[in-house]
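Following are the structures in question.
You will see chain A twice below: alongside chain B first, and alongside chain C after that.
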Partner chain A sequence: MKKKMRLSMRTRDSLIGLFYLTPFIIGLCAFFLYPIVSSLLLSFGDLDEEKIGFAIVLKGFDNFVKAFRTDTNFLPRLWRSLKSVIINTPLVVIFSLILAIMLSKVKYGKGFYRVVFLLPFVLGTGAVMTMLLKQGVDTQIISISNSSIIPRQWLLYLGADIVEILDMFFSSIIRILWQSSVQLILFLSAILGISPALYESAKIDGANAYETFWKITLPMVSPILLLNTVYTIITSFTDINNEVLTYITDNTIRYAQHGYAAAMGWIYFIAILLIIGVVFLTIGSYARKNQGYGGKR
Partner chain B sequence: MTAERLKKNSSWTAVYIIMIALVCFTALPLVYLVSTAFKPLSELYVFPPQFFVRNPTLKNFSDLMLALSSSAVPYTRYMYNSILITVITVVLTVIITSLAAYGLVKHSPPGSKTWFNIIVAALMVSPQVTQIPKYLVINELGLVNSYAAIIIPALASAYYFFLVKQFVEQLPNELIEAARIDGGGEMYIFWRIIMPMLKPAWVTMLIFCFVGTWNDYFSPLVYLNDQAMKTLPLALQTIGTGIGRAGAVSAATLLMTMPTIILFTISQRNVMQTMIHSGIKG
Partner chain C sequence: MNINTASVSRTLSTAGKKTAKVVPQVLLYAVMTGLAFIFLYPFLFMLVTSLMNNSDLNNSLVRWLPRELYFENFSMAARLMDYWATTKNTVFYTVAATVGQLISCSMAGYALARFEFFGRKIAMFFIILAMLVPTQTIIVPQYVIYTDLEWLNTFNPIVIPAFLGFGLRGPLFIYIFRQFFLGQPRELEEAARVDGCGFIRTFTHVVFPVAKSIYIVVLVLALVWHWADFFEPSMYLNKSHLKLVSMRLQGISDILTLPADVLQSEHNINDNNPISDATLMAGTFMVVLPILVAYAFLQKQFVQGIERSGLTGE
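Let's look at the complex of A and B:
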């Protein structure tokens, strides 16, 4: 007791904080730090097949040389997946922000819209979605050219080119919509949390809708903007159907090339890290700049 | 005045039209799911697949009952497994993550920056990369083929941490200080002041975590060997292996998604309203 009394306020405070953090840190160490370190080791070698269990034989940079030089399948896949993330992420984030602003203004049937827009997420993470995709929900059923939603006569009237453009348009809308449900909900809750007084005073000062968006809504949701951008990038990178990941999994399970798979995993991880780093530098600093914006809270 | 009102009305109409159109697109998979559950066998295998059911039937559900009653493990057992694992995971995740985020941000112990950076790094690593070492850790701990093998690794999720942390940062320090001056103990402050104010954050986390765990197919497949311990998504797969059971599978799929949809429908109001009234902002 005496010893505890001697601790300063500050030390006591940080000890309590450390105590709160402990369970999480233990989990992080056991199921993230240790596995990631051993996978890093593994990427510079391979599993020792003569020993039972997890014994690594180090081989130097062999695996990395193989990924960049020998393997003709890996780099194109990596490139394609990076490209699709760079194109997709802004689309998803901007789309969900616009939709969230629209939703925040809707007066009738709020709950209905929210539930519907989160449906893809509720369905989308598990066996159910895999099953639906296997049946071609995204390609065959929604594609207007052979579906039953629009009568065939209309399609003939429109002509093949227009149908194709419409098809592409709809399928990309659907793809983006299905990816943006979580982002939408997070944006919506952030927008609804902005004090109406801010908007009122802006209105009195004669700000139009455009100015209000740039000066109030966007700065106020900027922490969530960062969260959403990072989340979008990560979900598309860690998606089970991602080309690179399926290739890595194939190498692990089918060909038992554990070391090579780990090396590819690390190359992939560093690519993600670079993109997220750019995001943190841009959106992150924007969010930090706006902290405490909008008067005292 | 009337011109302005007309303009306002027409822009509202446009907003609603766009919203309804988007709702239609978004709801497509669910509508398809529901209509497939009622399709007779003759319509299930039509190519290209038909969107709406022509002759709705309840035969799929009775097929499902038949398939379930003839399996070696009663289906209530799968349901029990799923519910047990999901509830424990969700409750523990909410407590551990909120505690950690609050501790990191408001108490800022030494090294908290480093830990935060590690957590952000953990966000970016896809589960496949660490799969094999992770399995070995779980194996070493002797957890394979126990519920704990699914629950414990799921508890420290970097994404939920990141989510809650963004909310904790917005809590005013003055409130915590005031409680401390009034003589509130640390636990009292956490449970009576922090948790109520963080409600929107952890309700959101609760929904995400519930959906994720409930639908998780991979970890039960890898870590559970005992048929009697498997969860609903795996059971769904076993139903599908029987001949002519495609209808039963679509019925089962529909039933399996119901809890998550109901949970979200109930709690979305909560998420939004507490957000507005919690005093977190404004």
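Let's look at the complex of A and C:
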């Protein structure tokens, strides 16, 4: 009797669960599974132009061979885009962590700084930031060549090349700062959530700031470290101005190379998966190692 | 004598400690303020430039304060973007898609966090997969589906998937909701069930009020991202009366490159009605203004929501 009762509770539970999941399941089948399977098929062929609607002619690996062998535009773009992700992601994560630590020490005007640091998140996606970057906001703000920071005479000694490199360096740092808004707030709340008792006992044991960072702050924020790294990678991979994506879009819309565009999309997606896999293997295992490490958990 | 040196050295050392505390604090605020300037700069630049007239723009001495405020940029940008109509479209699409995602994603996240059922792991796998696949990879089959459904040139391709847990970053929102509900205690819901509350009422009257903070977080993220997005809308909305305001902004920068005679004949732009980079910045400012206002109202709860959401591993 008791057993039967429990069983019915369980089926009831799973039915309720499925009820809440119904919209998602419909969406999954209609707007994800069907398109993703067709796009996989499409990448091994092309649309049949003689038929109306969605008919695929399979062509084997032609599209992939074209991407790797024939098309001289694709691989360099893919490489540049991967390179910028590999370089920018650690910088965004490190900068946002440093900023969050500094912001957690601020006592007066916390609210003001938070509002300001989140502003690029509101401005920073899509059309608006594209327009602002076209106007050169990133190069103007710390441009050493307009002599607002370093006098013109000093620049003469440096030489034009070095000035240009420094300008490029500053502008990319600034763009990276603008990309770290959300990550900064996530880190900040993780840091504020660390129990002060941990820091006090470390202080009593004579740990300095450097040791405290490596032994307490970093392990305690490691779940967010993982989340932020993945978030940064995904936002930069799906960024509307990403070179590979614009190239794929051009191939789809302008040149109607649907099969080829799908193949490039899949190559790109597999590259993303590889990078995220590496992140999970390294940072993920670090985060798992630190689970249940002191504090509230 | 002995006491004296001790007290002197004590006062010295407290003074030293005080400076040792004050100096880093001052440095901290200096650095923070400098950084705040960097983060504010795009906004200030946009605002200042949008108020300049042509002679201020070309005058390299005028950088921060326009010599006179030139508001015509705004009326020109509004005319070129057809601002009121396109903003109305954008508001409609953003609000509809956001409401859809709040309902469907919270339901899915709740189901995945609370109930045991067959296929839960498979559903999680697909959510992670859908988070990672770029829209561009699957855009062609999607386009064909929407053509077959005769959804082109309607808001359906963007709004209906949002009500089904997809749309712009829907899977990410499901994941956020799931993480939140995993961290919440079940006791309240069980108590509600013992008291004879049905499962739909439990969701609307017990779960939802507790989860308000995470709803605000997703609300803000969805509003901001939908407002800025134009890739999918520009694929499906080609009729001019359906255009979104961000799509029209690109139009201003295209018009800027046209020769003077075309400007005069097609857009009625001449020396009396000039167009410049300032017009573009005025347009940009007008595009973000509604979302900035919305954000201003929600930002406090947004930040608190992130802190309380349990996303940060508490």
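The rule we apply is simple: the second predicted complex is superposed on the first by the 235 of 297 C-alpha atoms of A that agree within 3 Å, B and C clash if a C-alpha of one lies under 4 Å from a C-alpha of the other, contacts with A are read in each partner's own complex, and residues count from 1 in each chain.
By our rule, a residue touches a chain if its C-beta (ideal position, glycine included) is under 8 Å from a C-beta of that chain, and two chains touch if they have at least 3 such contacts.
Every value quoted in this text rests on a predicted model; they were computed, and no experiment measured them.
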First (chain B), second (chain C), both or neither touched by A:Phe32: both
Touching partner for A:Tyr268 - first (chain B), second (chain C), both, neither: both
First (chain B), second (chain C), both or neither touched by A:Val221: second
Partner chain(s) touched by A:Thr282 [first = chain B, second = chain C, both, neither]: neither
Partner chain(s) touched by A:Ala197 [first = chain B, second = chain C, both, neither]: first
Chain B/chain C common contact set on chain A: 13-21, 23-28, 30-36, 38-39, 42, 53-54, 99, 102-103, 105-106, 111, 113-123, 125-129, 131-132, 135, 137, 140-142, 174, 177-178, 181, 185-186, 189, 192-193, 220, 223-224, 227, 234, 237-238, 245, 248-249, 252, 258, 262, 265-266, 268-269, 272-273, 276, 297
Complex contact set, residues of chain C against chain A: 28-29, 31-32, 35-36, 38-43, 45-46, 49, 103-105, 107-108, 110-112, 114-118, 120, 123, 126, 130-142, 144-145, 148, 161, 163-166, 170, 174, 199, 203, 224-225, 227-231, 235, 246-247, 249-250, 253, 277, 280-281, 283-284, 287-288, 291-292, 295, 299-300, 302-303, 306-307, 311-314
Residues of chain B that touch chain A when the two form their complex: 15-16, 18-19, 22-23, 25-30, 32-33, 36, 48-52, 96-97, 99-100, 102-104, 106-110, 112, 115, 118-134, 136-137, 141, 152-153, 155-156, 158-159, 161-163, 166, 169-170, 172, 186, 190, 200, 204, 208, 211-212, 214-217, 233, 236-237, 249, 253, 256-257, 260-261, 264-265, 268-269, 271-272, 275-276, 280-282
Of chain A, residues touching chain B in the complex: 13-21, 23-28, 30-36, 38-39, 42, 53-54, 99, 102-103, 105-106, 110-111, 113-123, 125-132, 135-137, 140-142, 146-149, 170, 173-174, 177-178, 181-182, 185-186, 188-189, 192-198, 220, 223-224, 226-227, 230-231, 234, 237-238, 242, 245, 248-249, 252, 258, 262, 265-266, 268-269, 272-273, 276, 297
Complex contacts: residues of chain A adjacent to chain C: 10, 13-21, 23-28, 30-36, 38-39, 42, 47, 53-54, 99, 102-103, 105-106, 108, 111-129, 131-132, 134-135, 137, 140-142, 174, 177-178, 181, 185-186, 189-190, 192-193, 220-224, 227, 234, 237-238, 240, 245, 248-249, 252-253, 258, 261-262, 265-266, 268-269, 272-273, 276, 296-297
